[in-house]
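Chain lettering (A, B, C and D) follows the sequence in which the chains are written, and residue indices restart at 1 in each chain.
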Amino acid sequence: MTDDVYDRQGFGKETGMGARPALLLIDFVNGFADPEMLGGGNIAQAIAASRPLLHFARSSNWPVAHSRITFAADGADKNPFCAKVPALAALTASNPARQVVDALAPAAGELVVDKTVPSAFFGTALTQWLISRGVDSVVVAGCTTSGCVRASVVDAMSWGFRVTVAKDCVGDRAKAPHEANLFDMEQKYADVVPFSAIAKQFGRA
Amino acid sequence: MTDDVYDRQGFGKETGMGARPALLLIDFVNGFADPEMLGGGNIAQAIAASRPLLHFARSSNWPVAHSRITFAADGADKNPFCAKVPALAALTASNPARQVVDALAPAAGELVVDKTVPSAFFGTALTQWLISRGVDSVVVAGCTTSGCVRASVVDAMSWGFRVTVAKDCVGDRAKAPHEANLFDMEQKYADVVPFSAIAKQFGRA
Amino acid sequence: MTDDVYDRQGFGKETGMGARPALLLIDFVNGFADPEMLGGGNIAQAIAASRPLLHFARSSNWPVAHSRITFAADGADKNPFCAKVPALAALTASNPARQVVDALAPAAGELVVDKTVPSAFFGTALTQWLISRGVDSVVVAGCTTSGCVRASVVDAMSWGFRVTVAKDCVGDRAKAPHEANLFDMEQKYADVVPFSAIAKQFGRA
Amino acid sequence: MTDDVYDRQGFGKETGMGARPALLLIDFVNGFADPEMLGGGNIAQAIAASRPLLHFARSSNWPVAHSRITFAADGADKNPFCAKVPALAALTASNPARQVVDALAPAAGELVVDKTVPSAFFGTALTQWLISRGVDSVVVAGCTTSGCVRASVVDAMSWGFRVTVAKDCVGDRAKAPHEANLFDMEQKYADVVPFSAIAKQFGRA
């Protein structure tokens, strides 16, 4: 029934990828991988599924960027986000919870973006980095689907990049928000396809 | 069950409003009010419920800003958003569908923000306008909950404003995305309360 | 003597243009062309010199964007810029002074950016427009050299675009600020060359 | 003669400070203090003059932010700025040259902004930090006057803050660009006054 009105009004057209993609890995850090901290749900599966995606991007010489939440240890940059979700303020530079998971650790030359808000583009140098590398589209993986991934996808599209969400490579602590946000993104902001379809499009399935 | 993990991890704290609020009315335009175009669902109710909210803000001397989608008639600014949702490209300056509904028409001195993306803050002068008016928090009404409202709320919070969503004054073309996005916003980005609670907080219930 | 320290510290390297340039015409409006209003100096010459540049860009199918200052007639968007320079507030939508000069009038499909600040990138959709058109570098003409041109050049470079200032196509109301800002831009932000050199680089001198 | 046209056209009005100022210290790092590296001119005097300003701001409980250029050691974030000025790329996290000078070292709770471009506002969380602290105006000190100070002042004003440049607390490696940029800023973007006048305005001369 929900789909009916979206179909009738012409939402959800496919936009396809560009010729010069980058890979964005959103907030795949230890604290979001750990169900005892801020993780849970299908995040572990998304991390596992992102390994071949990262390998594919690297072997294709795509620019790769990683984002993570990092707050100052002295509380200098507390903001409304950590007022809503106080546990975020513990993600300081020295806390292993804010490090990217080992399975997807950044390599030399990859950008690591520290942020204090949901979107990897907001208050960071990510947009200018993508421009200076000639990128025209982004593939997004990460967590959580309903949080930092959604916010980053909306911004990526708003900045003028074509966006593809790697459906099996995004995860969330709870199933219902995961599904609801995949729906919103597919209808309005991005193509949502499995990694296998991305690999196939670039002739290397 | 979804709520369980959010509770356990400490999401959804109340942040309260500030001392110098502004009202943001997001995309309450004819085209989104009309179920035959891009509207439907509970958007008509949200427009009706926003009349006393707008009256309250004006009589409280809050800054008031309205946003609307506007694309160039010659196609000069087509972007990935209207690639996903082609109907948006018809919202040009001369199209009555992109005008704010009469019931909530902008008054002299209120800001009208034209945009080509979901968030009213993105690629517009809204943030600088709020800063120059000394605003510390925003109350958000508008449509759709799962689209331009959600994107604007995430940006408002990311810019450092405390955000309150007027729950009865936001609407969407379909019920499930409306509910899912109210949940996300309340857990992570904003307080979500009815207009009556906002009026009460400012001593004028 | 000034140049000595810049040379010794390694400023002013040439960066060259990219493969997918755009042309930015900054604030070439009637009010800045008129010495009785906000114009004077060598602005008239810069407008004349920009005609072949604009023709070259159009015949090369470069994206072309024009910027202009536009304030709301009801004073809704007054800001610190028009507090410093009150004459700017008169540049409202219905004022011919804020229109692009006839000699360089925007053609269909070219972007026209309205702004209330010096930089054409600030609080506007220009960056996202350049990204969605795959641009990697910009050629800048306009006025004034020490004002909106300088601010736009700093932002263009900061966004990650390689920047070339068309030296004979920028003008200012007074000679000393014109020269001082050409110096700053050449040392730190952009290549500064005459239009003839730009045409030659693209094989069409 | 230059002043004539500016006077006649109504530039350079005083805007005054707001009620909730912050202090911005721009790029006062060892590498810009050292004439053998990127320093020289009157930068040493500006650092000395900024000590009482910083003391004043702290004892007034103003928010204080420091900016510095920081590039990744692996070259991941090279950009057009370090293409124009290659020496900047050496300012990496482990290089003492990019540390704030001891005389003005950041205290706990003060924001330290890392950036790869001239303006402290560009691609950083500075704007959102100022908003969340309720700031309505900024006092700017730092170096260089013709580079990162100028760019930060233009952005601060564009964001809607009233801006005061502490004239004796900004410095540059060469005298002519220092003077030219003080002129531009005073005419168009900021009040330019000595620290003593700032202290007097807040009743503590």
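Keep in mind that, in the parts below, contacts are C-beta pairs under 8 Å (C-beta built on N, C-alpha and C of every residue); 3 or more make two chains touch, one makes a residue touch a chain.
Everything numeric here is computed off the predicted structure, so don't read it as measured data.
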| item | value |
| --- | --- |
| Smallest count of steps, each to a touching chain, taking chain A to chain C | 1 |
| Chain pair, A-B or A-D, that carries the greater number of C-beta contacts | A-B |
| Euclidean distance of C-alpha centroids - chain B vs chain D, Å | 35 |
| Cα-centroid distance, chain A relative to chain D, in whole angstrom | 34 |
| Approximate Å spacing (C-alpha centroids) for the pair chain A, chain B | 24 |
| Where chain B touches two or more other chains at once, by residue number | 79-80, 117, 122-123, 127-129, 132, 158, 160-161 |
| Footprint of chain C on chain A - complex, ascending | 127-134, 136, 158-161 |
| Parts of chain D lying in touch with chain C, wherever the complex brings them together | 1-2, 5-6, 9-13, 15, 37-38, 40-41, 79-81, 83-87, 117-119, 122-123, 146-147, 150-151, 154-155, 157-158, 160-163, 173-177, 180-181, 183-184, 187-190 |
| Residue ranges of chain D touching chain A (in the complex, touch as defined) | 72, 74-80, 108-112, 115-117, 122-125, 127-129, 132 |
